[in-house]
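Pasting the structures in now, so scroll down.
Shared chain: subunit A. Partners: subunit B in the first complex, subunit C in the second.
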Partner chain A sequence: MVDTLFLGIAVLTIVSAIAALEMRSLIYGGLALMGTLGGIAGFFILLDSPFVALFQIAVYVGSIAVLILFVIMLVKRELIFQKKEDPKRRYAGIGLMLIIMISLGAVIFNSGISSITTDEPSVDYREIGKDFLTYYWPALVVMALVLSSSITGALVLARRHDGVEDEQRTD
Partner chain B sequence: MSVIAPKFRLGYLVKGITDNIFWIIVLLTLIGIPVVQIVLIYIDFPVIDGEIWNPFRVFDAMTHPERALPLVKNFMQTDLFKVVAFPGFGFAALIAATVIFVERKMLAKLQLRIGPFYCGKVEGILQLMADGLKLISKEIIIPAKADKPLFWAVPVLFAATAGAFVALIPVAPGWVVADIDLGLLAVFAVIGFFPIITVLAGWASNSKFPFIGGIRALYQMVSFEIPLILSLLGIVMLTGTLNLSEIVESQVNFPWIIFMPIGAIVFFICILAELERIPFDLPEAESEIVAGWLTELSGMMYGLVQLGSYLKLYAFAALFVVLFLGGWNGPWVYPIEPIAEVITDGIVIMPDALVIKDIPGLPLLPQEMINGTIWFILKTAAVIFFILLPRGVFPRVRIDLLLKIGWYKLIVLAFVNIFIALALVYSGIIGPGGIL
Partner chain C sequence: MSNELIDFVIVSVALLAIGIYGLSVKRNFIRMLFAVEIIINAANLNLVAFARFLPHSGGQTFALFSIAIAAAEVAVGLALIIVAYRMYQNIDVADFRSLKG
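Now for the complex of A and B:
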């Protein structure tokens, strides 16, 4: 059962990743990217970590993909999409991809990761939270500072200057 | 007075009916019965009580409640029943239909109009069925330059996403379609799909009004998602769980709205914005941009989107009930235990005439489930009433005001709510090991 699921999700992920690169229509490319990210969420569910999977869906499929679609819709298509028919570049790209995949595969297969079998239950997200609050607290504080400063920065950047608002009101 | 069918003769009607009956009998004999027989060859019937179950025993069971009731009870525990009927689609769609009718009628009363009046003689009670029939029978028009696959997919996706949202809502103890450990996170993940679908609807129609509506919906939903998520973090801190059923169970003594009124208010305003309801109905502003992102949808496609949006309304109201108002918890309004004599002696329907006795599985539904469902529906109806009410009262806000409310006020208030929750936890009042 899990094997069929794994195969299905793997096929979905890879096919939609290729589609995201190769589609002529940018909107469909963005949708295919959503498929890829959703497939990765499926992998997380198969790996017994639904917490990460749901965050993957909420953040990547829900928000990042929306931003990508938004940008695609707002930008004129001709400005960013000029198709260059250059077979050399295509073959070079495929060759580069093959080299990277073969070397990565060699590394993974030689690392002995396929012979590891474990019966340990999956890590509870509450444990991760406890670790964050105790041992890794400096990282948590740094993350909190970065996030809050970025929220404040976004608010400041998005703020309209009063002069502009008054000018519009007089219009 | 106009006549609907001026050439009506009773003889024509009788002839038409008998013709239809004749053809039905002929087709059933020639096609139906062979098909049934071929299908029966390939179906393995289960063995129940040492006898092979066959279709004729269904009628047998109908006349013997002691055989039918356990079957019905078994069926009510299956996933199919949960998805299709009770906590899932059927229940939610029934509530959605009621909401549509109540909304039209109540708004009419608020604005001193009459509202639906003629269909069904009594206060237009059949108006909804008439509208549904109209939508089904209308032609589906697709704009010539629309992106056809996306345009077809949008209504289905919208209704399906709303259905997925409904599936996460616990209605009564144990009665939830998907009781997952991370229910609240799943809710956030599902909510994130709605802006994508609306903006795709706007883009796929290839028309100005839907596109403006879609972009507005995107602005609005994405910016109100953040305070929505932040306003619920306080409850997660206090209960220490993300499972919606456990969050309900933690409110046996008091609902969380007592301790987190600010979070409840922020969440309610965010619900209004996420549902595109007045005063935040900019994506569908019918006096500015026709119908916003719904402009080009016609026929049953529009019907599906409407169904989805009212399912979404029910789901958000139910989420408010589950998180802030204590879900199914409430005083017993239904007898707690079935009376002991009923179980042993049966029910006397007519004295000395008919006694239903010793029927296994007679309390078909657990008492706590009925009681919980009653409370859940009452609370949900109250919340839905408050969601509907602004539509009769408020004007539409401007988009910059809307974004300013979302980004400046609601996020700050949501953080205030989180600090209240933290103070409650660290002062040892609620939470793990607290006083209450």
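Now for the complex of A and C:
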């Protein structure tokens, strides 16, 4: 049996996910995406995982959503409101969505998942920290390398190649 | 705990289906990135839900790794959007025909 808090967060998450994709303005879409990400953080708190929820808020709601909003503001005004899509493709997409929902939902309802319940306490975040520094330390090092190389890659990609700034500097 | 595992999994399936709809219908690069974010979040919700109900720390650890990698992915994706916008003055993926430098 679900409680009202779960129901509220679920409605917020799903409605704002649809709004993020269907809003006419990309800026409002980005704000709706923030709602979805915040709703997922709420689910993490309901699942007794406050550490992951905090990480989700700091990384997703705090930085990724803001980064996306800044990139939206960098593009032309008419592109933000432009909405070109093929109606046939749209109906096919809605059909695909319903097929996935119904088939995966049927598989899940018929599987043994519904009988899984737990009375055990949730995992302590101290245990997660210990795992990170003992069992998963090679993965942590690789993740640090991936993050720094992706930042370098992003900087190299977004650099200007036409030398406009150099010319301005010589003037 | 009044919520069951299946409730969280159903929400996750709904988010996955919405994300796949967006990825297949939308032609706007930034909206496709939104759809990818929604799908990644559905996966993270699944990981944390299963970690709670089969008490094991592996799911939460993996979700943390996944969030960090998603941050890297978004940084590169947004840089690609800026490069493509500079090249084509547009963010419609149907216009990105050429991969020439």
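Rule of thumb we're sticking to: the second predicted complex is superposed on the first by the 136 of 171 C-alpha atoms of A that agree within 3 Å, B and C clash if a C-alpha of one lies under 4 Å from a C-alpha of the other, contacts with A are read in each partner's own complex, and residues count from 1 in each chain.
The working rule: contacts are C-beta pairs under 8 Å (C-beta built on N, C-alpha and C of every residue); 3 or more make two chains touch, one makes a residue touch a chain.
Source: prediction; values computed, not measured.
With subunit A as the common reference, the superposed partners subunit B and subunit C fit together side by side. In the superposition on chain A, A:121 makes contact with subunit C only, not with subunit B. Legend: residue contacts after superposition of the two complexes on their common chain; A:54 is shown touching subunit B, with no touch to subunit C.
Applying the stated contact rule after C-alpha superposition, one finds that A:34 touches subunit B and leaves subunit C untouched. With both structures placed on the common chain, the touch criterion links A:13 to subunit C but leaves subunit B unconnected. In the superposed model, A:141 makes contact with neither subunit B nor subunit C. In the superposition on chain A, A:62 makes contact with subunit B only, while subunit C stays out of contact range.
Of the two partner chains, subunit B and subunit C are each touched by A:158. More residues of subunit A lie in contact with C than with the other chain of the pair subunit B and subunit C. Remark: least CA distance from subunit B to subunit C after fitting both complexes onto chain A is 13 Å. Overlaid on A, the two complexes show subunit B and subunit C touching the same residues of subunit A, namely 51, 55, 63, 151, 155, 158.
Within the complex formed with subunit B, the residues of subunit A that make contact are 27, 31, 34, 50-51, 54-55, 57-58, 61-63, 65-66, 69-70, 73, 125, 151, 155, 158, 160.
Of all residues in subunit B, only 147, 150, 180-182, 185-186, 188-189, 191-193, 195-196, 199-200, 203, 211, 215, 218, 222, 400, 407-408, 411 touch subunit A in the complex they form.
Taken in their complex, subunit A has these residues touching subunit C: 1-3, 6, 10, 13-14, 17-18, 20-21, 26, 29-30, 33, 36-37, 40, 43-44, 46-49, 51-52, 55-56, 59-60, 63-64, 67-68, 71-72, 74-76, 79, 82-85, 89-90, 92-94, 96-98, 100-101, 104-105, 108-109, 113-114, 116-118, 120-123, 127-128, 131-132, 136, 139, 143, 146-147, 150-151, 153-155, 157-158. Of all the residues in subunit C, the ones that touch subunit A in their complex are 1-11, 13-22, 24-28, 30-31, 33-35, 37-38, 41, 44-45, 48-49, 51-58, 60-61, 63-65, 67-76, 78-83, 85, 89-92.
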